[in-house]
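The two complexes that follow have chain A in common; it is paired with chain B in the first and with chain C in the second.
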Partner chain A sequence: MSGPLSWLVEPGFFSTSTVQSALLVGGVVSFTSGVVGLFTVVRRQSFAGEALGDVGATGGSGAFLISVNPLWGFVGAALLAAGVIEGIGTRRAQSRDLATGIVLGAALGIAALFLYFDTTHSSTTGASISVLFGSLFVIDTSSIPVIVGLSAAVLVVVLLLYRPLLLSTLSPDLAQARGVRVRLVGAGYLVAMAVAVSLAALTIGAVLSTALLIGPPATALRLAKRPGFAALAGGAIGVAATWLGILLAYDSFYWPPVQHGWPVSFLIVAVVFTFYLLASALTVGRRRKAMAHHEAPVLWVAGE
Partner chain B sequence: MSIPEHLLLDRVGSVLDVMDVDVILSGRAVLRDVSFQIHPGEFTGLIGSNGAGKTTILRVILGLQATSSGRVLVAGGRRSRRNPLVGYVPQKVLFDPDLPLRARDVVALGLDGHRLGAPLISSRSKGALVEEMLEAVDAMRFANRRVGSLSGGEQQRVLIAHALVSRPKLLLLDEPLANLDIKSEQEVVELLSRIAAEHGIAVLLSAHDMNPLLSAMDRIVYIAGGRVASGTTAEVVRPEVLSGLYGHHVDVIHIHDRIVVVAGANAGPEVPTLLHGEFPPLMPSAPSLP
Partner chain C sequence: MFSGLMLNTWIAASVVAVVCGTIGFFVVLRGSAFVAHTIPNGAFAGAAGASLIGANTILGLGVFSLLGALGIGWLGRRGRHDVVTGLALVLMLGLGSLFLSFSVEYAPEIYSLLFGEVLGISRSELWPIAGLGIVCLAAVALVFRPLLFSSVLPDVARARGVRDYRMELCFVLLVALTTTVTVPIVGTFLMFSLMVAPTGAARSFTSRPGMAVVISVAIALATVWLSIAVSYETNWPIGFFVGMSGAFSYGSGRLFAAWRQSHAFHRRSGLTAEAA
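Up next, the complex of A and B:
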């Protein structure tokens, strides 16, 4: 390609089928993560989001071991973990965190075992890097329709739960009084999050999936003050970061030190983080002003 | 001791009728034989110390807490979850500054927050209703600000508009004055009192201190030890009535337009001296008892 952007867009970028798959899958998955992640951030479930991605890695590494498409390993394990977390946890934030921690610890132990077998006993020696850090350039094209379909399903669930979820996030008591089944809505959301995170884990790696879930929505929250706009902005920022990361990865083939390309997952996360820093710098003044309103609350001690 | 005859009001036209309600939680009687009525346009204070059972009463009215016995009628019908006739402001709501919701978005959720789906097109009639409520609680000037960036008093107004936008006949508020400074406290009380009078809505507000409400309250429901007495302040806040609730002698002291309730000498060592209210700053502690 020649033209004004030729310094950025290397020749052959858009005509390479690997790049086309990466742009499609990366775009779909990061948009879904960005939209779903808005609620993860405002509901303060980042830890659960991280855990679901890591548990997905257990499933992914297990799938490699028995030669099943890792997609199903990732999604299956994350869904199972979501079920266990919801089953153990109650409405109390502390016990939810504890349940998440226990599930995460156990799953990572099993992942360590699976990855050990992957790298020593079979022909899947690349499994560790692939599961933990992923790569959009090695997506199995036969998985693409499933990834797109699951992402669409996740978006439909979030769209359906949108208002009750907002209300329960605002105040569980308020939602309950309005007849919202807070626990059911929370469980439905957790399932949607599990699928979104496992798809992100599959494509940019379990360890880095949190960056796509949390980074773009956190950036969007600095810029948007309306919920619908924030969710869409989270998705859009995720897509922008992913596409820019893919572009840079393609360019990086000629970069030092090894002149063999930089990992695309790293570049995506670097762009996500840069976006967040830029948005933060833009809004520091506004935040300071807003925080001034939040003085320490006066605690009442009633005459008992 | 039973509640005096003259405190029983007729049940005609009541918007809330609580009849002989008992609530037993894990073997402990939290509410005992609770009865009171509330009428349209009345501002009623549900007054009692922490742990007296105020929140339990509100949850019973909302249909979130099962009763062991007794009946509750809301506007003549059986109580139910998501009763559109009841608006509710829960206690200790302090919005996160990060929430991507403007004040008007919170009010709009009061109309349709329980419905599935996202409002892809905002309807004009809904917008007008939200606007009207924001005006009614004097919240227009911060309607487009993030709700988490508002002061406690402003957030309380937004919550009241959220509760009122579905046009309830009964508005329940759980400790809405906690965490407010004295100025916002008075503003919220005046606002609620005006809403009750102008819109004919029955307001039931729980508080651990009756003093900020004395000028606004039409009626008081005083709760102690899981039992209640209701009527006007003059009828209820008297040593004879309150002694019956507490189960020992109490004194009601009026100082500087405040009311303070203290335990009598025969109450026993386990009963705290100060039962309700606080002494004015010039009298930092309760007078010592013989």
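Up next, the complex of A and C:
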């Protein structure tokens, strides 16, 4: 690539196959996380989202140990954890938080054991570390169709659950009165979130999966007023952050202090966080103006 | 098992268990397990940064856990609390991966901070650990009543003039202080397990706050001692045993609570039958 953009986009960016698959998989996964994450943020389940990513990583290293495709380890462990959290968690926020913490603690203990087996039996110390931090540039191309398919399935589930889920999130009592099975809808959503998070944790690392699940939707909630629009905006912001991060990581091979590139996970997280801060600054300004004009507040994000 | 270096390990781990069991009471009461997960994990980035510039890793740990606590406290005033916590976590972990990528040499002791091993602790390291542990406990004792008040009945506490925001700040700073004491010894994962599981179990056995703290400390101590002993015998990582006994003690607490409930129910129904 040459011309006016070449100062921003280093030559060869779009023609490199690792970059192409990073853009594709990163885009799919971050869009899914952004859409799914809207409900994670509104339902205050960020901790469950983070825990499911870590649990998925544990399952991934377990699968690695018995040489099964890590994809199934990730998805299976996250689904199991979602089942346990839903099983012992009640509707009280504190008990849910505690149940999530217990599951996470147990999973981390098992992760320590797997790490020990990894290092003593096959001497691949880096495995668990790379599972934790992940890298978009080492995606196994053969699992791309499965990842895309599962992401599409998650989006379909969220679309089907959309209306009852929205109602039971904003007003559980009203939803119950209208005949929505609140507990079942919540469990269905948790399963969808578990799959989305574990796919993200597999492809881009457990750290980034949390960042993309929470950051873009929280940003979108600051900007958008209608829930459907906020979901799409969350997905779009996620994709934008991921692609910008990948671009920066590609460019960073010539940055100081070391000439081997900055980690893509850091760059994406930094972009996500910057978006969030900008949107927060924007809303504070807008809210002040609204207060001055006595505008009615936006009701559906009343939890804010 | 009890000689030389191992004796230091036992002492240090006991200090950690007492401190974590105490702070954990408030972690569970406030539903702040996410904060207890975030601050130690994020502080790992500080250790990585400190080793990059050649400073003391414990200093880096302390600075980052303090910054993380203040950031969560400050940003959490406006945004959603769990969202802010999550963003703080990923930002700090992202910084950690950046620092690690800058440092040319492989840093095993940084990774051991993450996964945690009660490794050889020298006699000279014991004193600062014990001192900081006492500071932690004294700080808890100082804010115990107002913090308990605002954790259980935030509205009433606010009406009585206890400031929510100030209490939240106290709480996150306590977690940060505990992180600095605990993480160098047992690592972030162990610290999290020790803060959440023992109190989670203790809650099922009593409803009195003072008693809950005592039981929680006792369970934490039992967990740590049992885990060290079994880990010493089997050579398996201690984190595995701590995680498992945490899940086990929580599970038995839940079972006990369920049993007591049904027992009380039967007794009550028996009484009414007699009265009739």
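Here is the rule we use: the second predicted complex is superposed on the first by the 282 of 304 C-alpha atoms of A that agree within 3 Å, B and C clash if a C-alpha of one lies under 4 Å from a C-alpha of the other, contacts with A are read in each partner's own complex, and residues count from 1 in each chain.
Assume contacts are C-beta pairs under 8 Å (C-beta built on N, C-alpha and C of every residue); 3 or more make two chains touch, one makes a residue touch a chain.
This structure is a prediction, so every number in the text was calculated from the model and none was measured.
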Touching partner for A:A82 - first (chain B), second (chain C), both, neither: neither
First (chain B), second (chain C), both or neither touched by A:W262: second
First (chain B), second (chain C), both or neither touched by A:A112: second
Which partner, chain B or chain C, touches more chain A residues: C
Partner chain(s) touched by A:L159 [first = chain B, second = chain C, both, neither]: first
Partner chain(s) touched by A:G179 [first = chain B, second = chain C, both, neither]: first
Partner chain(s) touched by A:V41 [first = chain B, second = chain C, both, neither]: both
Which superposed partner A:K225 touches (first chain B, second chain C, both, neither): first
Chain B versus chain C as contact partner of A:I147, first or second or both or neither: neither
Intersection of chain A interface sets (partners chain B, chain C): 41, 303-304
Chain B to chain A touching residues, read off their complex: 49-51, 62, 64, 81-82, 86, 88, 90-91, 93-102, 105-106, 109, 112-119, 145-146, 148-152, 159, 162, 178-179, 181, 208-209, 272, 274-278
Contact set on chain C toward chain A in their complex: 28-34, 36-37, 78-80, 82-83, 85-87, 89-91, 93-95, 97-98, 100-102, 104, 111, 115-116, 189, 192-193, 196-197, 200, 236-244, 246-247, 250, 254
Chain A - residues contacting chain C, complex: 41, 44-47, 49-51, 88, 93-94, 97-98, 100-113, 115-116, 129, 133, 207-208, 210-211, 214-215, 218, 257-258, 260-263, 265-266, 268-270, 272-273, 276, 280, 284, 303-304
Interfacial residue positions of chain A with respect to chain B in the complex: 38, 41-42, 159-164, 166-167, 169-171, 173-180, 220-221, 224-230, 287, 289-291, 293-294, 297-298, 300, 302-304
